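Reviewing the structure listed below.
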Amino acid sequence: MAYQIKLDVFEGPLDLLLYLIRKHEIDIYDIPISLITSQYMAYIEEMKSLNLDLAGEYLLIAATLLHIKSRMLIPAHEEEEAEEEDPRAELVKQLVEYRTFKEAALNLGAVKLLGRDVFARNMVDEACSGGSDRPIREIGIFDLVEAFRNVLAFAGEDIEMEVDLEKFSLSQRINEIMEELNQRKAVTFEELLGTKRNRKGIIYTFLALLELMKLRMARAFQADSYGPIRIFLAVEEEK
Amino acid sequence: MENLKQVLEALLFVSEIPLSAKKLKEVVEDVEETCIEKMLEELMSEYENRCGGIIIQKAAGGYQFRTSERVSPWILKFKQGKPLALSPAAMETLAVVAYRQPVMKSEVEKVRGVDASAALKGLLEKKLIRIVGRKDVPGRPIMYGTTRRFLEVFTLNDLSELPTLQEIRELDEE
Amino acid sequence: MENLKQVLEALLFVSEIPLSAKKLKEVVEDVEETCIEKMLEELMSEYENRCGGIIIQKAAGGYQFRTSERVSPWILKFKQGKPLALSPAAMETLAVVAYRQPVMKSEVEKVRGVDASAALKGLLEKKLIRIVGRKDVPGRPIMYGTTRRFLEVFTLNDLSELPTLQEIRELDEE
């Protein structure tokens, strides 16, 4: 049999399977596994012979098919038969699910798309200046990360640099304490801990306070040895 | 306010995103939201009956001036830009994100059976999806969802307007 | 070309600058410039007679959609309340502050290679960053960090939800 393959037309191994099922007018809920497996393997061989870059995902499904086939060949013991699940069940579920989303994608793409079929006015962005009360235009966090990547690429810094999550947590805690102090001017360590009484919460609160004292943004006082520690905002004169 | 309709028309015109009656009320004040809504509907049918080059379309929960479909070849030619192009891979990924959000990369890959990195990145760049947070499981994987822009581009008012997934329902019933 | 008027109207609509009949002829071709001119004049009087919120005006040697003078107070009000967009410079500075906080101006400048004063000032005004303190070194330079508003704008619960560079790199095409 001659196969006319254009690999790019398949979105992946599941798409190829769906194509084979459609081509042979097979009931997706009752797949003749031997037939489908041999058809699928033939495609895989063809791809290999054409030296097409065969993604690992295609081989994974090939293995799954062979595994199901072997399980179907083993005659089930009578007493187990009722219990035993159809070896194809998992794959069928996956295929039906994929087919559903493939159709959903087609439906989505069938509407008039802004930027393809219809157009809105795109305004030149005016210079952004002005008050702090104006809302800020919706920006995604992805844009922020991309901006950071641009900067690092420009600076020639090692882009592999990992972000220190612990440092993030500490910065976070510092910000929270500053907000609290700005509102209330003075709080006790106990109050600062609030609901964050787990080990991590206590450690970060403590470290954040040390950092704030080092930055001379906060001062701590204790009236007697076992009394509450009171934290104040250190008012700094702008020079 | 006797020239409400004019004001609303002009506001829709200068805005690059769809405007809701609620948003418009913030500008015109002293007018009932229902009254604004009524005027907007009137404007919408006026433009529709006019059969001109521009219409008013409801999308992303608001109203927006758009060019009519009939003229798109010339608009594309004028803009000399490429039209919004979404590959089948991108569309499938977008469909999974839209229907399953918030969703992790691994879930998208499970459904599609292939790596989803490039498709997700492309959709993020087109601002059709966004990072909505992290799942509270070990490794704290990133979760994705659709954007307001997605609603605008696909002319949906909200996510509930997505067509129901027929076969998923059938499968659940079995 | 039977829908010439529609096409011209839509082209005027999407254009950011006034369009002349000559320029429009480049798009529609096969139509006499005088014919285009005539259509444009027709459109212009149509909008004028309509007395709506938008009109077509001759300016800078071309034709352009504009809002009518009568509605300008509301347009101004709307524009003042319009969400701010962050410039690329502001975005980059914000990204450095977010990922490197607490950070000094000199560090931001070292990474971006340009003066960061204006960008930092803008971000402070927009309450996206704040002064978290002064570093305990000679000169006691100011240290910057992000605010709660920053988290709100980017819909993050806390800073640890910021995606790591590794995670974004994984989205790049292999």
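Letters are used for the chains, namely A, B and C, taken in the order the chains are written, and counting of residues starts over at 1 for each.
Note that a residue touches a chain if its C-beta (ideal position, glycine included) is under 8 Å from a C-beta of that chain, and two chains touch if they have at least 3 such contacts.
Values in this document were obtained by computation on a predicted structure and should not be read as measured data.
Colleague: Select the chain whose centre, defined as the mean of its C-alpha atoms, is least distant from the mean of all protein C-alpha atoms.
Modeller: B
Colleague: Can you tell me which chain lies farthest from chain A, using the average of the Cα atoms as each chain's centre?
Modeller: Taking each chain's C-alpha mean as its centre, the farthest from chain A is C.
Colleague: As a quick test, compute the distance in whole Å between the mean CA positions of chain A and chain C.
Modeller: Between these chains, centre-to-centre, one finds 28 Å.
Colleague: Using Cα averages as centroids, what's the distance between chain A and chain B in whole Å?
Modeller: Roughly 21 Å, centre to centre.
Colleague: Could you tell me which residues belong to chain A and also touch two or more other chains?
Modeller: 119-123, 138, 140-142
Colleague: So which stretches of chain C touch two or more other chains?
Modeller: Residues 10, 13-14, 79, 81, 155-156, 160, 163 of chain C each touch two or more of the other chains.
Colleague: Can you tell me which positions in chain C touch chain A when the two form their complex?
Modeller: Counting only chain C, the residues touching chain A are 10, 13-14, 16, 79-88, 90-92, 94-96, 98-99, 101-102, 110-113, 122, 125-128, 130, 132-136, 143, 145-148, 153-156, 158-160, 162-166, 168-169.
Colleague: So in the complex, which bits of chain A are touching chain B?
Modeller: Within the complex, chain A touches chain B at residues 11-15, 55, 57, 61, 93-94, 96-109, 111-123, 138, 140-142.
Colleague: State the interface residues of chain A toward chain C in the complex, per the touch definition above.
Modeller: Per the stated touch rule, the residues are 119-126, 128-132, 134-152, 154-155, 157, 159-163, 165, 168-169, 171-172, 174-175, 178-179, 211-212, 214-217, 236.
Colleague: Touching residues of chain B toward chain C in the complex: what are they?
Modeller: Those in contact with chain C are residues 3, 5-11, 13-15, 26-28, 51-54, 65, 67-68, 70-71, 74-75, 77-79, 115, 117-118, 120-121, 124, 131-134, 140, 142.
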